[in-house]
Every structure is written in C-alpha cells, then in structure tokens.
Amino acid sequence: MSGGLTGWLRGRVGLIAAVLLLVVVAAMAVAPWIFTPLDPLATDTSQVLQPPAWGHPFGTDQTGRDVFTRVVYGASYSLGVGVGATAAALVVGIIVGTLAGLAPRVIDSVAMRGVEILLAFPEFLIALFAIAVLGPGPVNVATAVGVAAVPAYIRVARAETLVVRRSGYVEAARGLGVHPLRVAVAHIVPNTLRPLGVIATIGIGTTIVAAAGLSFLGLGPQDPTPEWGLLLSGGRNLLGQAWWVAFFPGVLITLTVVSATVVGRRLRRAGEGRA
Amino acid sequence: MVLRRILARVAGMLVVVWGAATAAFLVLKLVPGDPVDVMLGVSAQASPELKQSIRAELGLDQPLVVQYLSYLSRLVRGDFGTSYQLRLPVTEVIGQQLGYTLQLAAASLAIALVIALVGAVLVHGRAARGVFSVLELLAISSPPFWIGLVLLSVFAFGLGWFPVAGADGIQSLILPALTIALPVAGILGQVLRTGLEDAEEQPFVTSARARGAGPARLVLRHTLRHAAIPALTLAGYIVGSLLGGAVVVESVFARPGLGRVALSAITNRDLPVVMGIIVFTAIVFVLVNLLVDLAYRAIDPRIHTPTTAIRGAR
Amino acid sequence: MIENREVVRISGLTVRFGQTVVVDSVSLSVAAGECLAIVGESGSGKTLTARALLGLLPDGASVAVDELVIDGVDARRYSQRDWRRIRGARVGLVSQDALVSLDPLRRVGAEVAEVIEIHGARGSGERMPRAGIVDTVTGMLARVAVPEPAERARQYPHELSGGLRQRALIASALAGEPGVLIADEPTTALDVTVQAQVLDLLAGLRRDGLGIVVISHDLAVVSGLADRVAVMKDGRIVEEGVTDEVLSRPQHPYTQMLLAAAPRLGDGPFADRVAARRRSPSIEITPGGLDTAAGGLLDQRESTPLLHATGLGRDFRRPDGSLRSAVDDVSLVVHAGASIGVVGESGSGKTTLARLLLAFDDPNRGSVSLDGVEWSGVPERRRRSRRGDIQLISQDPLGSFDPRYTVARIVAEGLRGDARRTSPGDRAARIRQLLDSVGLDASLEGRRPHELSGGQRQRVAIARALASEPRILVCDEPVSALDVSIQATIIDLLNALRRDLGVALVFVSHDLAVVAQLCDEVVVMKDGRVVESGATDRVFRHPEHPFTRALVAAVPRMP
Amino acid sequence: MFSRPGSFRIAGSLALVVSAALVLAGCSASAGTGEKVEGGTISFGVDVDPVGHLDVHSSQLDINAILQRPVFDSLVSQKADGTIVPWLATSWQVSDDQLQYTFTLRDDVTFSDGEKFDAAAVKANFDHIVDPATESAQASSLIGGEYYAGTEVIDPTTVRVSFSQPYAPFLANAASVQLGFYSPKVLAEHASELKAGGPGISVGSGPFILSKYTPGSELVYTKNPDYNWAPEGATAQGPATIDELDVKILPESSVRTSALTSGQVDVIGDTAPSSLTQVGDNFTVTSTESPGVPYSLYLNVTRPVFSDVTVRKAFAGGFDLDAAVKAVFNDSYQRAYSILGPTTPDSYDAALEKSASFDADAANDALDAAGWSERDSDGYRTKDGKRLSARWISYTPVNEDNANLANLIQDGLKKIGFEVVHDQLEPGAYLDAYLAGDYDLTDWGFLSADADVLRSHLGTGGYQNASHLSDPEIDATLASAVATTDGSTRAELYTKLQQWNAENAVIVPLYVPEYILASSDKVSGIEVDIHGWPLFSGASLTK
C-alpha cells in the first residue's frame, strides 16, 4: 500500500529528511545567528522588495529587511509556541485525563461532560474565544492555542488510561497484589504516555498552524516581530509584486508541520508495532 | 424504553448547550474592560450618567446571578441579546450571515468528499497512491490561510479564472470552498483509505472475493461502508474545520459569513455576538453528534449500548 | 461416494513469498462426493494451499503449479478476471468465523444473494429477477437447515447464533452451486455441540456429491468427516492417505507426534496416554489419590478448603435494562493440590466464575473464602497481600504483559514479600530459577513480550504466577490459542507443577479433552449454573445430566 | 476622525473635534471616451464596512461619510473655490455678531419615504445631533460643539441656528454629510436603529436610496427618480444617470486592486499605493491629498525625553524620512513638512517645503550637546545612566504601510543611538495609556477640511492635544482664527502656527495621505469632493 513517493516519504529517507528539518528549525530557534549574520529588524531603504538573490536568498520585504533572516528568527517564536503550548496542554491533559480515567465513575462522567462541552468547539474557535477573553498578543496566542488543545489531550489521556486500566497487564498486576498507586506509576502512566507523546508530536504542528493563523488574523504578535504567520500576513498584499515575502514563511510553516507529522506518525507506527 | 433513551439523549444535548452557554457567560464576564466602553466605541463624549443608564438598560448593574438567570431565560426564548457593534439582535446577525457560511461549508464538504473518495477509492497503483498521500500530507500540514493565498494568487490574481473576492454565485464560492476542503479532504482521504485497507484485510472480503466479487463490488457493497465508520468519527473534527476554516477563509476571500462576524466580534469585543456564536456552535455540535449517531446506527447494525455491570463490581 | 469425477486436481503447487517457500510441491486431488482434510499446525501452509484453489493468494505471493484443475476447468493461466468467473460458481469457500467472514454490516440474505447476483441462477450467468433471488436465498438457507429461513435472511450476522451464522456462511458459499467447497477451519470458533451439527451438515453435503476440502488443525475434528487426510508441515505434505489408515497407523513421525499430543476424551487410562507422550518423558504424574466419589465436590474432606465459594451469583444488565445472571448459585470447593476443571460452552459463565474466584469481581450473591478467610466483598487493601496465593493464567498472556517490560521485569513483578526485598543479585537468581522451572532459557530474560512465541509467552505468564508462590492457579483457557504440540507441553508443565509444588488448579476450558487430561474433578456449567459435577472419569464416562451427555457426545473422537 | 491611509481606514476611534468636509465640486475623476449609457449598475469596492456605524449623525468613520453621501443632502454645498453655494437652503443670512445663521429652505424637497423636507425637519435633525443619547462625537463637533446654542423654526421654510460664540467653520461644516438630514419620520420611529442602518432606516433626500444592505458584504443603492434638488451649479442636475450603485466590501488592498483589474468591480476606493503598479493603462487613477493634519508623530512635551526642544529636533531630523516615505509609498504619497496638508483651505504654508532634511550628524551633535553623550552596550545613548528611549504607542490594527514606516523610523533612530519602543495596543488599552499621558509619542493623521482642526491638536486641553502642549500664545492664536471668517486673516494666523511647530518640533509630520480612487474606462462622470471621495450622481457607464 505504500510505494513510490509515499514509500520514500514514509520510509527512511523521508523520516531522516523530516528529522533533519526539525533539527534545523530547532537550531534556528535556539541559535539563529548561526544561519544568518543579519539583524531581523535591520531595515534598508535601498534594498526594498528585492527578489531572491545571493545576498538575500529569500529576497527582502517592504522595508528592505532580509526575509531569510526574518524567517530564521521567526523559528524561535513559532516553534516556541508550538512546543510550549503543546507541552503545557499535554501536562494538563495528562493530569486531568489520567485522574478522570482513574476516578470513580461519577467524577469521571462529570469531568467528561465538561470536556465534551469544550470539545464541542473547533480548536481554532476555542483559541479565538480565548483571544477574545485574553486580548491579542504573543503570549496570549500561545495560551489560547494551548487552551484549545487541552480538551483533546484530556480525552485521549482518559481513553488511554481506561484502555490501560482495563488491560490484561494491569489486571495481572492487581492480581499480584501490587498497590494501585504503584500500578498507576509503573504501568498506567507510562503506557498512556507513549500514545500521547505521538499525538503531541503531531500536535506541535497543529499548534504552529493555529498560532500562525491567529497571527495572520492580526491577533498575535505585532510587526516587526518576525513571527511566521505575521510574515505571511505581511506579504499577502504584496503577492502581485513580491511573492517571496509571503511564500517562504508559508513554505517553512508547511515543511515544519509536515516534518512533525511524519515523525509523529512514525512514532505511532513504532508504538503499534510493539503493542 | 426507546422513549426513555430519546429523552435521555435530548437531555444530554441540552446539558451540553447549557454548559456552553454558562461557560460563555462566565468566561466573558472575566473579560477585562467595561462592556459599555466597548459598546460606545470609546467615545469620549459619553457622560458617566449616560454610561450608567446604558448599564442599567442592559442589566449590567445587577448582581451576577441575576444577570445569569436573565441571560438564560432570554436564551430559552431565543433572544441572544443585541450586538454592541452591529446594533442588531444577535439572532438576526447570525441569521443574516448563516446562509453564506452554510453555502461555503456545504460546498467545502462536497469538494472534500469528492476528493477524498476519488483519492481513496479510485486512485490505484502504488505510485499514484503514493503521490496522492504525499499531497494529502501537504494539504493537512499547510495552514488554511496559506492555501487560500496560494489559490488566490494563482487562480484569481494570476490566471483570472475566478473572482478575487465576494459572494456572487458559484464562481466566487469555488476557491474559498477549495481552501477549506483541501485539508479536510487530506484527513478524510487518509482515514477512508486506511479504513478501506483495513476492511480489505477482513475475512468477509475474502468470502466476498471467493464468491467472485470484483473490485468495484467489493468497494461499493462491502468495504466502503466499513471505511465510512472511522470516517464518521471525524465528523466533529470536520465540522470544526469547516467553521474554523470559515473564519480564516472568509477573511482571505473577503466573503461575508459567520466567520467574519466571529472575527470582528472578537477583535471588537462584541460580547453578545461572541456568546451567541459560542452557543450556536454548541448547538451545531450537538446536532452534528446526533446526526453522526444516527448515521452510525444506519450504517452499523451492531451498535447498541454496551452491557454495564451493576453495582457490586468496581 | 456417488461418482468419481475429480473436482480438484492439483500438482506441484509451490508458493513463494520472495525467497521463502511456504508451500512446497503440493499435489492433491478430490473427487466429487469426497472429502479431503488438510491437517497441520499454524504456519504449515495448509491455508495457503486452500486459497490457491480459489486464486486468492495474498499480494506478493508467487505461484508455480504443474496442474490446476478446478471443477473441470484448467485454471493454471487464470487472470484475476478469469478466477472471478469460477469463484462462487465452481468453487466456494467457508472460512473460520462467520461473525467476521460474513460482512457484519449486511443482512445475511444479501450475503447469500451476492453469489447469485454475480453469477446468475445456478452459476448460469443469467440475471435473476429480484423475487427469484429472494426465493433462492430462502431455499439455500433452508437447505443448510437454517430454521425460519425467510426471517433469518433479513437479520444481520451478529443477530444469529454461531451455528446459524456458520450455516448461513455455508449457504452463501453454496448458492452458486459449486462443485467444490473449501472449508477452512469451519468449526474452530464453535462450541462442541454446534461443531458436531456443522460437521454433520458438511457430511450431508458430501453425500450429495459435493467435493470438499476441509482445512483443520485438529485431527479429531476431521476424522469423522474426511475420506482422506493430508498432513502438512512446513509447506509440504508429509503424509497422505485414507483417514482410518493415517490415524491408526501414522507413518510419519510428525503425524505420530500430532496424534500423541492431541488430547482425547475417554480413550485408555490417563497414565498410559501420558506415558505415550514422547516429548516429555521426564514428567510423571500420579493420578488419583483423591477420593472423588460420585456426588461431588462439596465438603468431602475434613480439612479447611483452600478456596470455598458458596452460592455465587453475578448479574449484568442487558442493553434493554433487564438483568441477566452470568453466574447463578454456584458453589465450589478447592482443596490444596486439587485440580478442578470448569467446562461449558461460550456464555456459560465460566470466565465470570473465574473472575469471582480471583476476586477481580465481587459477586452480587454468595461469597468466596480463601484459606478460610473472607475473600470476596472485602476491601481491596485487605486482599492485596493475599493475592499472591491465587494466581491467574489467562488465554491471552501477551495482553497480560506490560509491552514495555522485559521478561525478567515481568517475572520480577510477581515476587512478593521477602523475595522482592532481596539483593538484585539474589533476585536475578530467583528469576532465572523461575524461568528454568517453566522450561525457559535464561537468555530470554531481556526479551520483550512481542518477541516471544505463543508457547514462550504462556510459560512466562506461568513463571510470573509462580513467583508469588501461589497455592492455587486459576487457568482460563490457557491453551486454547496454542497449536496442539505446544498445547501438550503446557499441559504437561501444569501437571508437573501441580505434582511437584502441590499447587491447586482451577482449569476453565471449553475443551473437554484437555480437562480430562488435567483434572481430577470437573464442574459442568450451563447458563451460569452448575448442571453436573464430580470426578472427571465418572462425569465424562457416565454423564448424568442431559446437557453433559450432549456435550460429551459432541466431542469429536478419533476412530 | 483619524485617518490612516492604506488598506484600513480607522474603525472605532476616539475623536470628537471639529472637522469640515468641504465639497470641492468639479474635480473630474473619470473621463471615459465612450458614449454615455442611461441606467446600468456601477460597482464600487471599498475597504471597510461601516457596520454598526451607519448613523451619519454619530458615526466617525470616513467610509460612512463616503457611503452615505448618496443618500443624505445638506443645507449647503461648497465649491472648489471655497464659496458656499445653495443646496437645500436657497439663501442664508449671518447676523452681524456672527452668532445667528438664518436659512431659507427649498419647499419642493421630499425624503424618499415621502416625508416633506422643511424647517421642522432641520430642527429635528440638529436636535438629534446634539442629543446626548445620540452619542455623537463627529457631527456634534461639526455643528459647533459647546458653541452651538440651538435651532429654531421661524416658519416652514425658514430656520435659524444660533451660537454662543462666533464659529467660523459652521457654514462649511453645514455642507458635510454628518450634518445631513434624515426623514423626521425615521428619527421619530427608528431612532435606536440608526446605527444599524439599512433600507427603510437610512432614509434621506439624496439622489440614491439605500435598498439593500448585507453587513460585511455589500450595500446596494437605487436611484431616486424624483431627485431634482442638486446643489446649485452642480454638473449633474436631476436624477442620477445610473440605476444602481453596488458597493462591495473588500478589505484587502490587493483584493480590491485585483477586483478592479479583473472587472469584478468598476471603481475602487482607498487604493493602496503599493498596488498602483498593478493597475494598468485602461484605468483612471485619481489621487487627492487629504486636507487636515498629515500623518504625524505627536511628541509628549511633558515627558522628560521630549521636554527638551533640542532632543525633539534631533528626533525629527534623526531619521531619513524622505527615503522611508519613498520606500513605503513608492512615490505615491508625499512627505509632509507642515502640520497642515497642502489642500487644507486658507491655511497651508508652502514656504515650509524642503525646509527640513535628514542630517544624522546634526542630530548626533545636538544629542551630544543635550548631554546624551554616553553609549550603553546596545549602542544606545545614555545620560546619567539612563537610556535615551521613547515609548511610542499606537492602537491596533496598525496598517501595514504605517507599520513599515514605523520600522524604518525605529531603525533609523537606532543608528543615532535613540531607542524607540513601539507598543501597539488595543483601542481600550491605548485609550487608558493615552488619557493617562503614559507615553512619549503617538501617531495619527487627521482628516479635516478646515484648519480649525489644529485647535484640538495644539490648544490647551484639546482632545487631540497628544503633545500635552499648553501655550497661552498658541491658544490665543487658535481662538482668533476660529472667530474670523476672513480667508486671508485665517491663513496668516495658521501660517504662524505652522512655522511655530517647525521651530519647536512638537508634532513631527510624516506624510500627506491621499485618497486614491481608481476606476475602469467603463465609467465616466465620477466627481470627487475635497477629500477625494467619489460622488456618483453624475456618473454613468459608457459603451
């Protein structure tokens, strides 16, 4: 069922490319100066809207800033939001989900009703509503996309907890007289973590897209912050005369998300193979 | 028994809507800033007395509990309040714009289904499937606004095949619908294909093949129905994508619709509209879930409530 | 046999996956009205051989064949399109589990009708009018003895009982009036009584002139049906001949081993059978020694029973809200060192009873005491320290292992008390000792569960159970997922444990033969109640309850 | 009203203050070569939907003024040469003390709902403007703010408006759409729905009738077939030529431009300078420099950083504004030298042009001299260990062009060691900071057809006095300017003010926004007013 390009993408080469790209993006986020000697905020009125060339591989924008440099520096923001919000959502999700999964049925069903209500809303709308409450801004965008992701993690954490809790090995441990707390620590949590980790890996991509979407709509950081969604939004009115301003940030977002997805799916398959 | 189940179901739906309405109320009470200031558009000339009278008129000077109860009682009567920004009843605001978004959502869904089905059912051969699944991955991973901009600049700005904006007829619907449809089609296609592939592994397919069934019959009479079950679980996600996508796409393509209303309500802190949209979304969700459940039942005769142990076991 | 026309003739069939040969130069033939059984353990290539007769080999398989004649047509150079013309019309397939082999989302009638829709009436290729199809389907279901066929046709597979489902599946395979029927483990998923009925049905079809190829892992099952038997191992037919000949005078060592390993009900003294088992000459088991006079298990001895269940009842709520008693008024006494079999068909409450005994579940009525101390209905924390005394061996050992754990860690979890608190070195030694005692090599310590074979997994599960030095092992179908030869070794192991360690066994199984081999006493359950109990020999030789009688009668016997 | 050119004109802002929309008739925008056609539909793409702000009496949105002009008529109209001509008023008299204006009205005017236009209608409308419940900022200041004393009906065709102090801009302001007239029936029956607007509510006596409104999407106007009361001397008398005017809301500038070039719309407003290159030869582009205060930075003189005039001047000359404006606007907008736009009537001081230029050395020297001579590790200047830093507040959304300009200014000043921290705040947060004076500079442009706009920007306590300037001499000059109707006297007084600012660098003008209207060759006869806003009553399609 997998052949040709998929085989390539699903196979080793694709995986290595994806990991490599993530590593590069992570490096951009941590140490952008390795990639470019320029200042992402430095303007140059003599270099306005220059097409991609040697000195400016991604061209320049309306104030003569180097798009490549801005994309590189943007990685720290986008990846920061992606990883930070996902991690926070994951932690909250695991705690609430696991507790709900282990709690008596009454508490569980009350908690799940609440989560169900939250799940009634598309993640992007929750993020939007969170912005409505918090107001726009870079930190608030991270919070908003994090909040939006939480219900899904709770649900998965709970479902996984229930699966593991009803699994043969938890029953076996119980049958051996292992203390419930030890069962939770030794079996339940570790075994729910793996699927959650996989989902979170893919979730980083989703979060990056959601945060970029909010920025795109003008609800995130403001210019001159080099955030990818904002860079894209800044280029939308220049599509006719300077396609590169919007094009490269868009490509970077897509590639990053594709990579996260490829890696996540790979992890999932690895997990399935073992179970 | 059946009646009791239906009643329980309806009650469950109402609980979700009520919960969403309550959450919306509470959360939006946390919004910083005086709603009256927001409402007046920070006009400097509004005297404190005027603000006070507006506050009284809106019942904002009442205790929270009273406000909540009157909010609920108005909701029950279908009164969602009046938009600060548009100065219209929220129901009217939503009603006016609903059509556009429904059109967009329906078109998106149709396009997504067609692409996904074509991709899952008709695309055969390793190479073709490979290309298709890479495209799906790209579609899933690309931010919708990026897809929209690319489509816009290629097909509207560049080739001039479609209008660049607005909501005039079917022509102006295609690009926005496609923008929302592509990621949805990506996910749906993957799930359908995986579902088909899983179903193909099932023993009943061997039985059917042993009866001499050809590929078309296998898909149409057997595996597609099985693949539809996991695809149905995506319904919530898809509806979410349609609504969330509408926010972005209506902005990119300058289309009217609920997404635009939601965005402008949020940027302008138009709280009654925000609350209205929250409650509306909850209702949509509840209805979609109901439809999905009915669809499950229609597709899968095995569905029944699982046996539950009565007290004594834990 | 009515006629001698050959309906299947195949020679030199070789199937490869890449470089691996999975079916090696297989030749066989079946005449109309004849039944050929292909018998072998998993991986022997028997199923692939059967599928080759339908052109239904999986992707990636390459086939070479010298001769391939199906119901009179030469199918050697057949494309998939050609195959589709004869599948259903000239050759039909019945597979193992009708619950999944019939499309669960379609009505039974639609499944039977499919063949007619594809091939027309009687495989003629003529389109049949709708009403005609309905009639034909009803007639077909009636032919395989489905009661109320018209109503059944409108039901979904899950709404039918296992036996009816299997009949419907057979009907769907026969609707195109093929000359050959391939039956791949047609009764494996069924209870014995139902199995017997289905075997009867197949025998009837054979008498009507159908050529049948039946695939099975179980010699006993096919012994009554097949005219000839072909024994397969590693892709080759190692022995083929008239059924009686093969069973009574097996030539090939593998066939001999299979025959020896297969548990049998009521043939020869227990010890003789065991001694005949060549694979485990070192194990000796002394049967009896316990007074198990007819009348029962209940409090025959003075000493405090190890496990004592009285008047157990456990209810579940049906979807419509009504109550169903999965276990009702069951009493059971297990003395130290005893071995008690619990037999019954699916849904009889065996597993629920096992869970109640293990206190994984609390009864709605009645109580269980362990070693004279209350065991059911007490808070879990009071049970925890005593749990090591009673351990479960389940049908699915893989599911009972944390997938992240190594074998050593899995076994270590079973250690309790002092054994747990010793030095890492001592603990490692103890684990090795435990592995050794279940016949596992110490080199497996570092493996993870999915890297083990089925037999190895069950041994690890037993080692873990032994780690807590239990006094009772509750075994829930511990061998039913295993091949016969492996099955035999596990049974030997359990026997040895009981003998050497004095561990009592409660052995839950649907397989009377296995129980007969292992248990001194037996309890027969039906619909949650005990219908008969007593010494194994007595119950199986002279069953008193009609149900027990039916059960024993249905067990397939080799001639 | 604040005005920020580019893709966004401001929605929801904090303005009151005087502003006059003089209608400068006769600026012909389009001259198609083809033959005129009777009837047909012209579609007009605009950037903002005035949703919720459709009431001419309370709205502060430029876009609403543009979109309601076809529906609402005013007492008078102002011609290009500044003279006021009769419209709904046939004649008027001003009392000697300049406190009373008496208008004689036409008696053949009806509103599109059939109501008659008379003195009572004028009073009802003016009363509505000053009614606190109307929450009017713009119109109530145009009518004179606290100077306005009241309106009385003398007889059905005579009405008198009174003031407590002389208020020179009134006659010109009376020409604005904000002082236009609703049908009295609407004011009586639908007062609470005016802001929502729409057919049957936004009812005036103009050449067009609002017949359909879809918020966020479009406004459709059909011609008023009975219209026969155009302003005196207007080229188009009688009913409009076209049957329908179809306004499309297209927020993105690139989308508007493409909609025009692809033929989806015939005319677009507020065209982005950056997209002009995409508009080909087959289109007519009319740019009109906006009168009023150019887009400027307001330096808060009460704050330590900018209390020193040397620092202010170093700031103003410390970045290359010419290059920045050129980079961002591609020569479409001109750099501003004065605090009044060149097209503001009776006021602009052209002598200031080219007077200021970028001189980094001079700015550096001046800052050294002012004591900001040390540098910190980031390269910024310090004095007594304190960094030379200014907080710039803007309210969101900031349009892209202005954001780019801000980046260039920030980056330019960084090079002379002057840190500018740009905080972009939500309107609410902005208002808090603004009212608290917690900022060193802020920015806006202010569209106004009367130089009296400076009163609020420079006068003590003025609402737009973001610089917190308080100078008795300035206040006195502003007061005499508002009290005189003599053009040359006013020009003299306003020149003095412009020169004073050039010396003191309290307001740093950046560029003169323009309203850019682009239309296809299919249409002709679109006139523009003093703001560059289109008037469609004489427009027609050509073959």
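We call the chains A, B, C and D, going by the order they appear; numbering starts again at 1 in every chain.
In the analysis below, a residue touches a chain if its C-beta (ideal position, glycine included) is under 8 Å from a C-beta of that chain, and two chains touch if they have at least 3 such contacts.
Keep in mind it's a predicted model, so treat the numbers as computed, not measured.
*Asks:* Which of the chain pairs holds the record for C-beta pairs in contact?
*Replies:* After counting contacts between each pair of chains, the winner is A-B.
*Asks:* Using only Cα atoms to place each chain's centre, name the chain farthest from chain A.
*Replies:* Checked the centroid distances; the maximum from chain A is C.
*Asks:* Would you mind pulling out the distance in Å between where the CA atoms of chain B average out and where those of chain D do?
*Replies:* One centre to the other, that is 41 Å.
*Asks:* Distance from the CA centroid of chain A to that of chain C, rounded to the nearest Å?
*Replies:* 48
*Asks:* Just curious, how far off is chain D from chain A if you go by their C-alpha centres, in Å?
*Replies:* 44
*Asks:* Once you find the CA centre of chain A and the CA centre of chain B, what distance in Å lies between them?
*Replies:* Each chain's C-alpha centroid was found; their separation is 21 Å.
*Asks:* Please output the residue numbers of chain B that touch at least 2 other chains, ranges allowed.
*Replies:* In chain B, the residues touching two or more other chains are 152, 157, 251-252, 267, 269.
*Asks:* Touching two or more other chains, which residues of chain A qualify?
*Replies:* In chain A, 135-136, 218, 236, 239-240 touch at least two other chains.
*Asks:* Mark out which residues of chain C touch at least two other chains, giving numbers and ranges.
*Replies:* Within chain C, no residue contacts more than one other chain.
*Asks:* Per the contact definition, I'd like the list of chain D residues that touch chain B in the complex.
*Replies:* 11-16, 51-53, 60, 132-133, 135-137, 140, 192-193, 195-196, 214-218, 248-252, 254-256, 258-259, 262, 264, 397, 427-428, 431, 463
*Asks:* Which of the residues in chain C come into contact with chain A in the complex?
*Replies:* Contact set of chain C toward chain A: 358, 360, 380, 383-388, 391-392, 394, 396, 398-405, 413-414, 416, 448, 450, 464, 468.
*Asks:* With touch defined as at the start, can you tell me which chain C residues reach chain B in the complex?
*Replies:* Residues of chain C touching chain B: 54, 56, 81, 84-89, 91-93, 95-97, 100-106, 111, 114-115, 118-119, 156, 158-159, 169, 172-173, 175-176, 182, 314-321, 323, 361-364.
*Asks:* Which bits of chain A are touching chain B when the two form their complex?
*Replies:* Within the complex, chain A contacts chain B at residues 1-9, 113-114, 116-125, 128-129, 131-133, 135-136, 205, 209, 212-213, 216-219, 229, 232-233, 236, 239-240, 243, 246, 250, 253-254, 257-258, 261-262.
*Asks:* Please output the residues of chain B touching chain A within their complex, sorted ascending.
*Replies:* That would be residues 15-16, 19-20, 23-24, 27-28, 30-32, 125-131, 133-134, 137-138, 140-146, 149-150, 152-153, 157, 197, 236, 239-241, 243-245, 247-248, 251-252, 262-263, 265-267, 269, 274, 277-278, 281-282, 285-286 of chain B.
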